[in-house]
Amino acid sequence: MSAAFPTGRPGARFGAARPGPVVLGQNQYGKAENRVVKITREGATHHIKDLNVSVALSGDMEEVHLSGGNAHVLPTDTIKNTVFAFAKKHGIESAEQFGIHLARHFVTSQEPIKTARIRIEEYTWERIETSDGNSRFVGADEVKHSFVRSGQEVRTTQIAYDGTSWQVVSGLKDLTVLNSTNSEFWGYIKDKYTTLQEAYDRILATEVHARWRYHWSSDEDRMPQWDRCYAQTRKHLLQAFAETYSLSLQQTLYQMGSRVIDSRQDVDEIRLSLPNMHHSLVDLEPFGLANDSADGAVYYAADRPYGLIEATILRDGATQAIPVDLTNL
Amino acid sequence: MSAAFPTGRPGARFGAARPGPVVLGQNQYGKAENRVVKITREGATHHIKDLNVSVALSGDMEEVHLSGGNAHVLPTDTIKNTVFAFAKKHGIESAEQFGIHLARHFVTSQEPIKTARIRIEEYTWERIETSDGNSRFVGADEVKHSFVRSGQEVRTTQIAYDGTSWQVVSGLKDLTVLNSTNSEFWGYIKDKYTTLQEAYDRILATEVHARWRYHWSSDEDRMPQWDRCYAQTRKHLLQAFAETYSLSLQQTLYQMGSRVIDSRQDVDEIRLSLPNMHHSLVDLEPFGLANDSADGAVYYAADRPYGLIEATILRDGATQAIPVDLTNL
Amino acid sequence: MSAAFPTGRPGARFGAARPGPVVLGQNQYGKAENRVVKITREGATHHIKDLNVSVALSGDMEEVHLSGGNAHVLPTDTIKNTVFAFAKKHGIESAEQFGIHLARHFVTSQEPIKTARIRIEEYTWERIETSDGNSRFVGADEVKHSFVRSGQEVRTTQIAYDGTSWQVVSGLKDLTVLNSTNSEFWGYIKDKYTTLQEAYDRILATEVHARWRYHWSSDEDRMPQWDRCYAQTRKHLLQAFAETYSLSLQQTLYQMGSRVIDSRQDVDEIRLSLPNMHHSLVDLEPFGLANDSADGAVYYAADRPYGLIEATILRDGATQAIPVDLTNL
Amino acid sequence: MSAAFPTGRPGARFGAARPGPVVLGQNQYGKAENRVVKITREGATHHIKDLNVSVALSGDMEEVHLSGGNAHVLPTDTIKNTVFAFAKKHGIESAEQFGIHLARHFVTSQEPIKTARIRIEEYTWERIETSDGNSRFVGADEVKHSFVRSGQEVRTTQIAYDGTSWQVVSGLKDLTVLNSTNSEFWGYIKDKYTTLQEAYDRILATEVHARWRYHWSSDEDRMPQWDRCYAQTRKHLLQAFAETYSLSLQQTLYQMGSRVIDSRQDVDEIRLSLPNMHHSLVDLEPFGLANDSADGAVYYAADRPYGLIEATILRDGATQAIPVDLTNL
C-alpha cells in the first residue's frame, strides 16, 4: 500500500480484498459536461463562447481502484474549478486552443496524471439584427450584446496529450442536409430477402457526423488556425454533399471525405458517420393521384430503421487513429 | 345501440357493461406526428416544405367509447392517408393554409365529426451555397436542390374548426436568445428564505416559446398572409428582446408581447413562456481571479432548476383564448 | 407607479412605454424543476423520496410586467430555497402532502401572491436485494440503504390553491403496456382515403398518461390517503387495460377511466391520453413465410405517426376541470 | 472498374474522380434500429421479445465508395427484411442467439461481405397481475397476454463475426442505483484549484453502463446460457454496488467489475462507465435548519457537470478488447 494512502480515519472500512486472478485494465476519470460561457467585451460589442467541456484523466490510479485510497486523485470538483478558472485566465480563443491549455495543465502539474483527454462541444450564436432605420421603438439603435443560438451543427473537438505529443480530432455533429434530386440507387445485390425497388431519382438526406484528425502533433510545429480550419472543412463537407451526383450514400461520403483530405493539408484523416434518413415516396395511387419525383412529390420522412454508412478517409501513408464508433447503434 | 353498430361478427366480445354513475366528457382522437415532406420543382430550382402534422377530431363518439362500435370512427390510418394525399393535391402553401384545408375536409366530409384541430410543426431549410468561382471540383456550379436544416426555432400552428368559425394560433418554440448585458434584478421581496444577491449587470437568456392567435376567424374575411405574418412576428420578438433594457424577465416578456400586439393588427393575443436559463457568475476569488461582468466574465450555464415566466398579452377587448399551459412543468 | 417601486439607481433605464391598446392577461411565474431528494433514516433502514418540484405563482403582478418593478416579486431563487427547506422541516410524507404545504405557504405568507400551483414528478426506487445466504463476499448481509430506480411510470401531482379551496390532480405518465391479443378493429367508416384492412387479432400497446382529480377541495374535509389512492388507481388502470377485450382503443380507455371512477369514491374525474403504439404484422410472404398472429407473429414497432386517443371520464354531476391537453402534439 | 459495375444507364453521372493521395480506411454499413417484436403463444400464455437490432457489415466495398457501383452492396432494406424474417424463422431465443444467427447469415451468404457486427438492445416486459379473487369486473380472471414494460435497464449485446471466430460483448445501460450511506471521499490531492470539502457520509449514485465480453469465441465450444449469464451478471453488479463500503467511485467500480470476473468463468473482461450523479447536501443554515446526513438529509440532485469514472477489469491473461468509449462525452 502506497505511503501516501490515508489510513486510520475512524469509521473508514474498506471493500472486499481483491479476489483472485483479476486485473485492472485501461481506466480514466474526470468531470464531464462543464457548461462554460465566456463573454468578451470590446466596448459595447460583446462576443460569446459557449462550450460543454469534458475532461478525462489517466495515470497511476491502481490504488484508488483497489483500496479506495485517493492520494493520486485530483477530484473531479477540482477539475471543474480549473476549467472555469482557465476560461477567465486564458480566455477561449478557440475550443481547440482551450483544450490544449487544459490538457497541458493536468498532465504537467500532477505527477500521477500521465494523459489527459479533453472533449469539447461548442454551440454557435449569431447576432440578433436590430436597427431598422424606421423603427419607432425606444432603443432600436444597433445592439451588439444580443444573440440567437444558431441551432445548426454542434462543433466538437477532442484533445489528447500524453506529456509529449498531441492528437487533435475536431468535428461536427447534427448537421442535417438533404438533396432533393441527383441521387439514384440501383445495381445492388438481389437475394431471397430483397423487395426494394431500384430508384433513379430519390431524396438523399443525412445528419452529418464527422471527425477529422489534424496532422499537428508536436509543440515544435506551428499550430493550425483552428477556427479557419473548422470553417473551411465544414464548407467542403457541405459543398461536396451538394455537388455530388450520388449513386449511393457511400459514394457521397467518400466525396465528402476525400475533398477534405484533398483540400486541407493540415488534416490527415476524417471519419464520417452518415445515417440515411429515408424519405419514401408515398403511394397515392389508391387515391387516384400520381406522385412522381419529377413533378415535385410528397415523401414520408421515417425515423427508424435507417441505413447507417460509416467510413474513414485518410491521406496515403497516414495511420488510421480515429475510433470506428461515432455512435453506439 | 346505434343501428350503425356492427354486430354478429364471430369472435367479437364486448368489454364490461358501463358501471353506474360514470359519464364521458371531452374526447378527441386522431393521428399524431405525420412527417410530410413536399418538394416543389421549378426547373432545376427546388423548394422544400417539411412538416409534422397532428390531427385531432371530435364529434359524435359516445358509441365507440361505451361499446367499441366503430361506425362513427374515421380510422387514424385514413387520417394519415388524407394528410399525404392533400399535400400532393393542394400543395403546401403555408402550414396554416394546409391545416385549414385539412380541418375543413374532416369536418365537412364526415357527418359524425364536428370539430377538427390540426397542429403542425414546421422545420426550416436553407440552401447550401455552392459555386465558388474558383472551385476545381466537378459539378461546382450553382446547385439549387441542396438544403441544410436551419436548426433554429420550430415554427408551429394550430388550426381549430367547428364547421362555422376558425381559430388559428401560430407560434414558435426553441428559439434560444441571450443578452450579455442590459439586464438587472433587484428591489424584490426579501423573506426568511432569501439568499439571492441583487444583480446590476447579468446575463439574460431564454428559450422563446410563443403562441399568438390571429384575429381572422371567418371564411367571409380576408386571410392574413401567413408566411409574412410569421416572419414579422418573429422579427418583433427578437428585436424587442434585444432592445429592452431589462429589470426582470417579466418586463422583457411584456415588451416582446406588446410589441407584437402593437405592430401586428392581425394578431389579437400572444402567450409567451420564457424559461430563465440561469447563467451564474463563477466565484473565482478562491483562485485569486476577479470575475466581474464589466470585464468580460465566465459564467456557469445551469440546466435545472430554472425560473419560468409565462404571460398572455392581448389587445384591449379581445378575449383570452390561448390555454395557460405551453409546458407541462 | 407603486411607492414600493425602487427608483433612482444609477444605470437603471426602463423599456419602452406601454403602447396603446395592449393589456396583460393571465400570468404566472416560479421556479421549475427543483430536484429534491430526501433520505429518512430509521436506524440502518433508509427511505428515499425523489421529486422534481415546479412552482408557479400568480397574483398582483402588473407592475413587474409593465415597468420591471420587482416589489411584489418573491424571487424564483427564494422559491427554490423554500422547497428545499420545507423538505427538511416538514419531510415528504407524499408528493401531494408536500405540495399542499408549499402552496399554503406561498399564498398565505406573501400578500401579493394570490394563487399557487405546485407540480411534482416523483421517481420511484426499489431496494436492491442482497444477503444471499451463501454469498462469500464481505458485507453480503442484508443492506437497507441501497436502491435501484424503478424506471417504470413517473408519478405526478398538481396542487392548486387560491387561499380558500384546493384542487389536487394526480396522475402518472410513461407507463407502457401491451396486450398481445384480445384486440380487434373493424366496422369503421370507409372513405376514398381508406386503405386499412380490418383486424381481428392485433397487438394493442400504449403509453398510459393519466391525470385524475380528487374530490377533496377543502381544509374542512378529511384528506385522502394519497399514497394508497395512487397505488389503487394505478392498479385499476393496469387491470382494466389487461382485462378488457378491445374493439377500439377508445373502448379500452373508457374501461380504464370508468373503473377508476367506479372504484375510487375520492376521484371525480380522470383524463387519459393514450397513444396507439402501432405494432404492424410484417409481411413475410415474399420470403415464403406465414406470419399469422395466431401462431405467434413478428411485428414492426413504429415510432411515428401514431394514433392518439384522449378522453375525460367523470362522475355524473362533476364538473370537468382537467385541461384537455396532456400533450402538445 | 469491376465487371459487375452497372454502366450505361441514361442519366447516370458520376462524382469527381478520386483526387490524389487519398485512401479509403475502415468502413461499414448496414441498417440501424430495426424494432422487432416477437410474440410466442403457448395456448393462452404469451411471451414477448422486444428488440432494437442494428446491423453493420464490412467487406469488399472499395467500388461503391469510389464510383458508386453497388454490385457488392446488399441493400440496407434487404438487411431489414432479413432481420424480420429470421425473427419468424428462427424465433428469438435470446438477443445473443438471434445476433449469432444473423451475423452468420450475412457473412456466409454473400461473398463480398467479410464481417458482420450485430448490436441489439432489449426491452424487458413484466406481466400485469390480474385475478384479484374478489374483483367484481368482467374478465378479471388471470390474464396471460398483458404486459407492462419494465423501464429499468436496457439489456444490450454486440455480436461480431468474421467467418471464423466470434466475439460477444453483452451489457446493460441506464440502470440507476443509489446508496444513501456507506460512501466517503477524502484524502485526495489538494492544489490551488481545490475547494471541495472532504465527505465522510455522502450519497453515492450512478447510472450503470456495463459491457462484458464472453470467453466463448468458437463454434467448437459450448455456448454460454445467455439469459442466465445476463441475470447473474446483473445480480453481481447490483449486489457489489450495494455491499461495498465506498471510499471512491473507482473503488466501487472495481468491486463491481471484479466480482463479475471472479464469479462468472464465462466472462473474460468487463468495462464499466459510471457517472457520479452528484447529490449535494443543501445548505439550510441560513434558514436555521441543520441538514446532517446522519439525521436524514435533503439533497439537491444535479444534472451537469458530473464525475465520470470508467475502467476495464479483466481476467489475468485476457486481452483487453472492449473499446474505451461507452459514451461520447
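First chain written, first letter: the chains are A, B, C and D, and each begins at residue 1.
Definition applied: a contact is a pair of C-beta atoms (placed from the backbone, for glycine too) under 8 Å apart; a residue touches a chain by one contact, two chains touch by 3 or more.
Here is each chain with its UniProt name: A, B, C, D = Uricase.
Every value quoted in this text rests on a predicted model; they were computed, and no experiment measured them.
Peer 1: Work out which chains are contact partners of both subunit B (Uricase) and subunit C (Uricase).
Peer 2: Intersection of subunit B (Uricase) and subunit C (Uricase) contact lists gives A, D.
Peer 1: Count the C-beta contact pairs for C-D and for A-D, then tell me which is higher.
Peer 2: A-D
Peer 1: Name the chain whose C-alpha centroid is most distant from the C-alpha centroid of subunit A (Uricase).
Peer 2: Ranked by distance of C-alpha centres from subunit A (Uricase), the top chain is C.
Peer 1: When the centre of a chain is set as the mean of its C-alpha atoms, what distance in Å lies between subunit B (Uricase) and subunit D (Uricase)?
Peer 2: For subunit B (Uricase) versus subunit D (Uricase), the centre distance works out to 35 Å.
Peer 1: Subunit C (Uricase) to subunit D (Uricase): how many Å between their CA centres?
Peer 2: 29
Peer 1: Would you kindly tell me how far, in whole Å, the mean C-alpha position of subunit D (Uricase) lies from that of subunit A (Uricase)?
Peer 2: From the centre of subunit A (Uricase) to the centre of subunit D (Uricase) is 21 Å.
Peer 1: Which residues does subunit A (Uricase) have that touch at least 2 chains other than itself?
Peer 2: 15-16, 35, 81, 85, 137-139, 193, 195, 244-245, 259, 286-287, 303-304
Peer 1: Can you name the residues of subunit D (Uricase) that touch subunit A (Uricase) in the complex?
Peer 2: 5-6, 9, 11-16, 18-35, 52, 54, 56, 61, 64-78, 80-82, 85, 109-110, 112, 119, 184-189, 191, 193-196, 200, 244-248, 250-255, 257-259, 261-262, 269, 275-276, 304-317, 320, 323-329
Peer 1: Can you tell me which positions in subunit C (Uricase) touch subunit D (Uricase) when the two form their complex?
Peer 2: Residue list for subunit C (Uricase) touching subunit D (Uricase): 35-41, 46, 48, 50, 81, 84-85, 87-89, 125, 128-130, 132, 135, 137-140, 143, 145-153, 174-182, 203, 238-245, 259, 279, 282, 284, 286-287, 289, 291, 293-303.
Peer 1: Enumerate the contact residues on subunit D (Uricase) facing subunit B (Uricase) in the complex.
Peer 2: Against subunit B (Uricase), subunit D (Uricase) makes touches at 15-17, 137-139, 192-193, 195, 286-287, 303-304.
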